[in-house]
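There are two complexes below, and they share chain A, which is joined by chain B in the first and by chain C in the second.
Coming up: the complex of A and B.
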């Protein structure tokens, strides 16, 4: 019967409703802090991942595609769509000054009909020049992609070894990519040869919105990195000035909309966290004060029985520690139960890239949230603990006669 | 053990006609010897509880010193004094003093468990038997009557067989029968060597007392 150890436990168990409220309160605190930070980090990680995936300073697209909304819809939001320009444009661009890396990409959307297994965005890259997609694919697939090999995004319901049909062409899933939290999670990647074959097939089936194109003579967009002597801005200006019928865009600008929304969402969440936190501290302070005041006499009795002032404070602090710890772990569990299964839904609702941090980082967040919540509980209780340690036993014991 | 008070007095701040202090206990000397049972009687508000609290090491006198054997109580650090009280001073405070989240038995064992010590269950049971409440050992305080709670407090104060036992109106809400049980129990403790000091209104208490005092507006006088 180690009651000295369990006296705080017994005190808490003796007042189940009050204890439940205290635990709920800390749960709410840790939920907002943990959920909120996790949300903000996931959005930031998502943005980084988007930047990484775009992987180039500059994107050049045919002028028709450049009503900005259009392009963003396809590149950032994951809407399916495609556009083409003549390879002559590519050659023109290539001849401009200041270009470090350059590679063309090919877009195609699979149709939502019998010819295709799933309607998705298909992006083809040129293995000889590519510098954006292949490094990323390498993480999931070491070999080079053969013709009719495809690599699928993480959210697609297809697995290595599956065969998917696009415009009647059977393609073999060679790898599945890691989650990025961006629209690339619902995209299929192939090499240039494969996508050209698919484009040809879509033309043959009269399912392509373009009719008079030769798959071998078009590209969808050109990705460029500036060389060391030039800024992306200079190159963008140069291309827009000298190459007709195309539009060069800095990718940084493309995602500026995303980063702006992200900043907005982050601010709202931060304010929410601070507000809930302050309110929580105040309520906890009040709750502990009430809980201790109510038991003043019991504390005085403990003093009579030989508890030192320090011991009284210790009991209050232990009670706070127990409630805060169980509350915060509870809150974090709720947070995880919401965030992990619903992270795709959150991504869809926010229209922002959203990528949960990896497990080790997640553990760091969990531990910090627990520490922070327990600390808050302790700080809130320390006022009461201090006051109870100054208790005037004589006065209280006289109190009821 | 011997409890000895030298020239102690207690003043409280209070707005009065001609002063801003109020003397609850006038300067007095006092000595409580092992094996004796001493009673203090007196009207309500005369300073009896104040005196007892000072003896228990719970209320620092305004002047004077209190010694437990040769230790000056109020010259000790709080932790030391608390430990001393835990080991050697049993106190039965006025009023109800149960911890409401603990059973009666757990309440009685508190002097041990508070310091992480293993309580002597057999002693606890013997005490409960003696006070005729052993059938209630697992009851919660909210289920007990005033008299039962009072007997619980007495058992708790006696748990560690303290050298000094201080009781503040221990029979105020007990029937005559139980009052007799309590007094003969306290007398028995004195017999076994404890120094017992009881504040009481019971006139019969004099029959048990070795010495008796009267408190009158803060003045302690031998009867």
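Coming up: the complex of A and C.
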């Protein structure tokens, strides 16, 4: 029998307002659980992505970077900025004990990015020693970057083969990175030779706030991984004590603020999901009870016509199943329409790393949300279904209910 | 059936109004530069506004017609315009450099969603109006 001709479907179609309210309720339930779960997962994925991208135990920067420039905003929030220290300090740091891996990075902010007023952060790395950016870039670009080759973050509206001009220097986009959900998505990466040429060009154009520097004799920060015999804490203390005018920071400490904010947001969303869910279950329970109560005579007539108790309960359960399925599908569609196209806006508003899960994980969440919503609808209806299967037909038809 | 058709026409009118004036006043592109000049996304906004005006006009005029076939023809035109509006930001006219800028994070998804909704509601409306004619 076609669904549209079945009795539960006709019952629902016969009472469009009641059906619409039930569908709206289940849509709200599935939207809350699906949207909330997707939000929490995206925030957690974003944090893991940020941890992976930082990729080093320790970051050493010039002391002024922690006072004048807001270092955490540059590294974590995607604000642009730059600072430099002599390569002599890099050599001093290299000579300290306990250093497993060490590599220097060079920062520069573009004056503008061709079309827009917003400057872009440019990070240069040394391909010979780098251990943080190269493994990540290799996923998108296997060749070695040549001079004036750049790799752009996923949120930059530039594609392989494009040419971007920074401080009058034309750079060729060699690759576009996968999305990370972090500030690195709006960053341009290049090798040390290219960034030194860009720094020189910015100095020549008097667009660099540092006027008396030699690009070949400065670095912006030093990234370090501790060897197996030393802990990052020991190395941080050692550098801060023995190397002047620098500040060593554990990257773990830098992202602790982000982790705390993320935990706060996740807790609020979890509480909201539970509250809406409990409220939804109660309202659904009430709605099904009221709906069945006002239709007692209708069910009594069906019973007189020969419908079994099981059949009556089945009708109520099928009605609940149809409304819950329609509502949950609608709720999930709304959730997808909000979360996917507006994910950049959500990331911007939360100021937290935000990375949507991949398609396979998304499908799992969709299926789970539908199953959970349908089960909730059916559990809420089961009480009414049980009661209707126990009705005393005689009493109800006489009007003594 | 006539009532359903009218409801769908009203929804189409509301969506077209939202696309037209929303693009200009609510989910508009990036603000002008400090020197008063416009970024490239402004021209995408202007183009979507122009298409939105046509959608607004067609969806308003539709109420003056009673014939289902005429309405279906007008909705068919709206379908093509809505599809064009949906793909215009960043596909036909470039938006700004960074996708976390307002034109990418607000205008583009809003126009895309409204365009798709107009197309979906339009298809349903065409089916309903054709059935009206059969009756």
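Definition applied: the second predicted complex is superposed on the first by the 385 of 401 C-alpha atoms of A that agree within 3 Å, B and C clash if a C-alpha of one lies under 4 Å from a C-alpha of the other, contacts with A are read in each partner's own complex, and residues count from 1 in each chain.
The rule is short, and it goes like this: a residue touches a chain if its C-beta (ideal position, glycine included) is under 8 Å from a C-beta of that chain, and two chains touch if they have at least 3 such contacts.
Source: prediction; values computed, not measured.
Touch counts on chain A: comparing chain C and chain B, the chain ahead is B.
Within the superposed three-chain model, A:256 lies out of touch with both chain B and chain C [touch as defined at top]. In the superposed model, A:186 lies in contact with chain C only, and not with chain B.
Applying the stated contact rule after C-alpha superposition, one finds that A:155 touches chain C and leaves chain B untouched. In the superposition on chain A, A:270 contacts neither chain B nor chain C. When the shared chain is aligned, chain C comes close enough to touch A:347, but chain B does not. In the superposition on chain A, the residues of chain A contacted by chain B and by chain C do not overlap at all.
Chain A contributes residues 1-5, 7, 10-11, 13-15, 297-298, 300-311, 393-394, 397-401 to its touches with chain B in the complex. Across the complex, chain A meets chain C through its residues 78, 113-118, 120, 154-158, 185-186, 337, 341-342, 344-345, 347-348.
Residues of chain B touching chain A in their complex: 44, 49-50, 53, 56, 58-59, 78-79, 81-87, 91, 93-102, 106, 109-111, 113-116, 118-119, 156, 168-169, 172. The part of chain C that touches chain A in the complex is made up of residues 30, 33-34, 39-40, 90, 94-101, 104-106, 108-110, 112-113.
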